[in-house]
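Heads up, the next two complexes both have subunit A, just with different partners, subunit B and then subunit C.
Coming up: the complex of A and B.
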């Protein structure tokens, strides 16, 4: 298992006020994403645990696009990967962002 | 000496008929009337066939004349050699054994599915002399021009003593194969599951059939079109939502064909749920040229689908189709009737949209299912996934696509077929779907093929759908724009990451590229709970237990 840590400064805080959301499952070709609103408004930290080596560059690209699209300021994101494809990762992140946008 | 050029030299005009009479005479001792015992089948084939004959050994993409294939493979290669095999499907191991043994030498075919890897090895090893890899309509057409079979070995559910054949729902290629053979003085031999006094329906009249063999086992049918809803991924659900909102709804597509993959199975399963939300029933996906996909059952039961004509059948669907004659084509006996030639022609000329998946797409939009070590051949996609320039009837979807391609109002209005590739940017084992060069180009060089096998040519493709969005190639005005539109939906593949980001953003602003959020698609909807059926068992329930799935899909 390898661990990657990525940090971003976002242009705005993540909308909504959900404190925490969990999407996905730990199953082959899938991943689990935990999002927690615990950081200052324009900071985002992502920690990725993955069994697959050699995809650092792809992870970096997927996360950079996600930060650009969703502006997830204030979120600590923990990813528990089981060899998911980049498209699945991007989908899970967008699903997580949608849950955090919820106002309740 | 005085020459008389206008006086024809004496010649025989019936050499074909004479050859046929000789063959029938040498086969007579194995037959009682038209009936041949299964133990004598190999001897019959040795008596009827001649070296170099063109032979169709059906060989469809579903049903197989498997007993006759085994008998032919057992023939004496010193008697029977150098046959030219002209059939759509190379599906059984025996089909390739013929070439190993030297019984056959030359091959013209369409589809090789399960034998794709073995076929690639045989071609590389030089045991097969390849004519061409055809589309179905091309091969069937050539049966009437320069590839007319001398002998056809066909397969039916039952026959009577006069040779009348009942095919059941898997009529498939047989009528066209048999007509071409019989009417050009060839010989037709059928293997049947049983002999009966009266067939339920005459699919092939007995006067086109020379010999009937009751096979010791029922013939094999490949369940090729069954997709277990449980295997549909959330990414595929997302691409299906994109296709429904961005293409089906946008163009009002009512007449269409679906490919065989999970993405289009997902579309079928989203019609009664997701598409229902937008009030699209009756406005999209009403008339299909399509095999009876089990995943279509919920859309049929909820009144979405009005009519389906099929190339072949699907294992387990017989009773369901019999009970739904308003939807399917059925004979007077009640059972469904298919025909690959008719349905391919329907899919080419009478549908407004083809949508299917593929293994590789290049930056020009060309696609292929050939990989370095597999030659899968072509199914129905190349005919249906092409813009038929011979079409002359208008429809709203076709005209709208034509207007988009023309950039404004042309002096002479023309339509365009919607040809859509729906894929996930990565396939199995993280193989990228988008590649700078198709593997088939390299393969064509290695095997010295005249043509690299291309499933759908880029200039026919109108839209590419991936989880990243839809690229509408009709709206691209330059080759560079087109390439960037393709890269712009190619996700994190190397092709996608090599995009010109500024151009891609411009294309999005012009709605050439549309992202899920541009179409109001919520990623939280990309969930299996959105599927009308989530398992094979659900499909059975939807059908009122009329659908009887094959054993390998019964996982409970």
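Coming up: the complex of A and C.
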């Protein structure tokens, strides 16, 4: 298993007040993403566990794009990957961000 | 406890149970906002073994346990995620299920009903010893829970079916609901083919697999107590109906179950196919059972004797 940790400073905190969200399932070509609002307002940390070697640059690019689009400040994001394609990863991240944006 | 709630996407009532994830099924079957999870993913109680096999773990180990409400009624729930490692029984997933059932036995203030949303090929081969132990302990715990007056209802309609330890677990429950897509058995189709040869059982022949292990056949021969439409509302209705009438768990029930199974064996033991069994049940056009829609099946099933019983 490969473990990657990426850290970002975001331009703004993630909107909404949901504390946690989980999207996706650990299944072939899929992944699960756990989002938790536990960090200071403009910090974001992403931990990725994947059995697939040699894709560090792709992960870095997909996450950088996500951080730019969603500005997930305050979120600790944990990923269990089972060989998902980059577009699936991007989709799950945006689904997670949408759930965290909820207010109630 | 609301701080422990994990936010999920909304689940449409008409969504397919077969295609849904375990979390979507829980959201779809329980009253909105009523689910409280025990050991949620944020606790990160994961398999300690999968990394040795270079396999990714899941934050809930494919077993979601908690409590919620079903039409206002308090229930404990456990849901297997069939897409993760085939929904298998392992050290953590088995321990979570066992803990839930044992809690119901020990604490009479907890809900007196447990829904098991089974979706599992059985024991996880990478953690086989722990998984086999978990199945044995779960079966014993279900029996003890039933003795203590807890109704345990199995809902079967996921992609992995309920085979191996999940089939055995279902067999110990108070009641079983199944959909057309649901499959129930002990030895799964691939295992039969591997051990006995493709001439004995062709696991690639979907029509054969479903006619033998599928929900319609199980319901017709009394192996399941309710037939659910493959939707959230379908399983919700089936669960509600079954929770209202759990059989008493005593010697008479066990004797009735033994008699029922002996009669079933005498009736169908020589059959070469499921269609033959449906013919013996008096269904005029047994070949048509596979292809008819749910409403037509329910209408035909209503005329079959012996499906409903107080055994189990």
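The rule is simple: the second predicted complex is superposed on the first by the 104 of 104 C-alpha atoms of A that agree within 3 Å, B and C clash if a C-alpha of one lies under 4 Å from a C-alpha of the other, contacts with A are read in each partner's own complex, and residues count from 1 in each chain.
Heads up, the rule we're going with is that contacts are C-beta pairs under 8 Å (C-beta built on N, C-alpha and C of every residue); 3 or more make two chains touch, one makes a residue touch a chain.
Nothing here was measured: the structure is a model prediction, and the numbers come from that model.
By the touch criterion defined above, A:36 lies against subunit C but remains apart from subunit B after alignment on the C-alpha atoms of chain A. In the overlay built on the shared chain, the residue A:78 is in contact with subunit C alone; subunit B does not reach it. Of the two partner chains, subunit C is the only one touched by A:26; subunit B is not. In the superposed pair of complexes, A:95 makes contact with subunit B and with subunit C alike. Considering which of subunit B and subunit C touches more of subunit A, the answer is C. When the two structures are aligned on the shared chain, A:49 is found in touch with subunit C, with no touch to subunit B. By the touch criterion stated above, A:1 is placed in contact with subunit C alone, subunit B being left untouched. Of the two partner chains, subunit C is the only one that A:18 touches; subunit B does not reach it. Within subunit A, the residues touched by subunit B in the first complex and by subunit C in the second are 95, 99. Interface residues of subunit A, counted against subunit C in their complex, comprise 1, 18-23, 25-27, 30, 32, 34, 36, 49-51, 78, 80-82, 95, 99-100, 102. Here subunit C touches subunit A in the complex through residues 3, 5-9, 21, 23, 40-42, 44, 51, 54-59, 62, 81, 83-85, going by the rule given at the top.
For subunit B in complex with subunit A, the residues that touch the partner chain are 233-235, 238, 424-426, 430, 466-468, 491-492, 497, 522-524, 526. On subunit A, the positions that touch subunit B within their shared complex are 58, 61-62, 85-88, 90-91, 94-95, 98-99.
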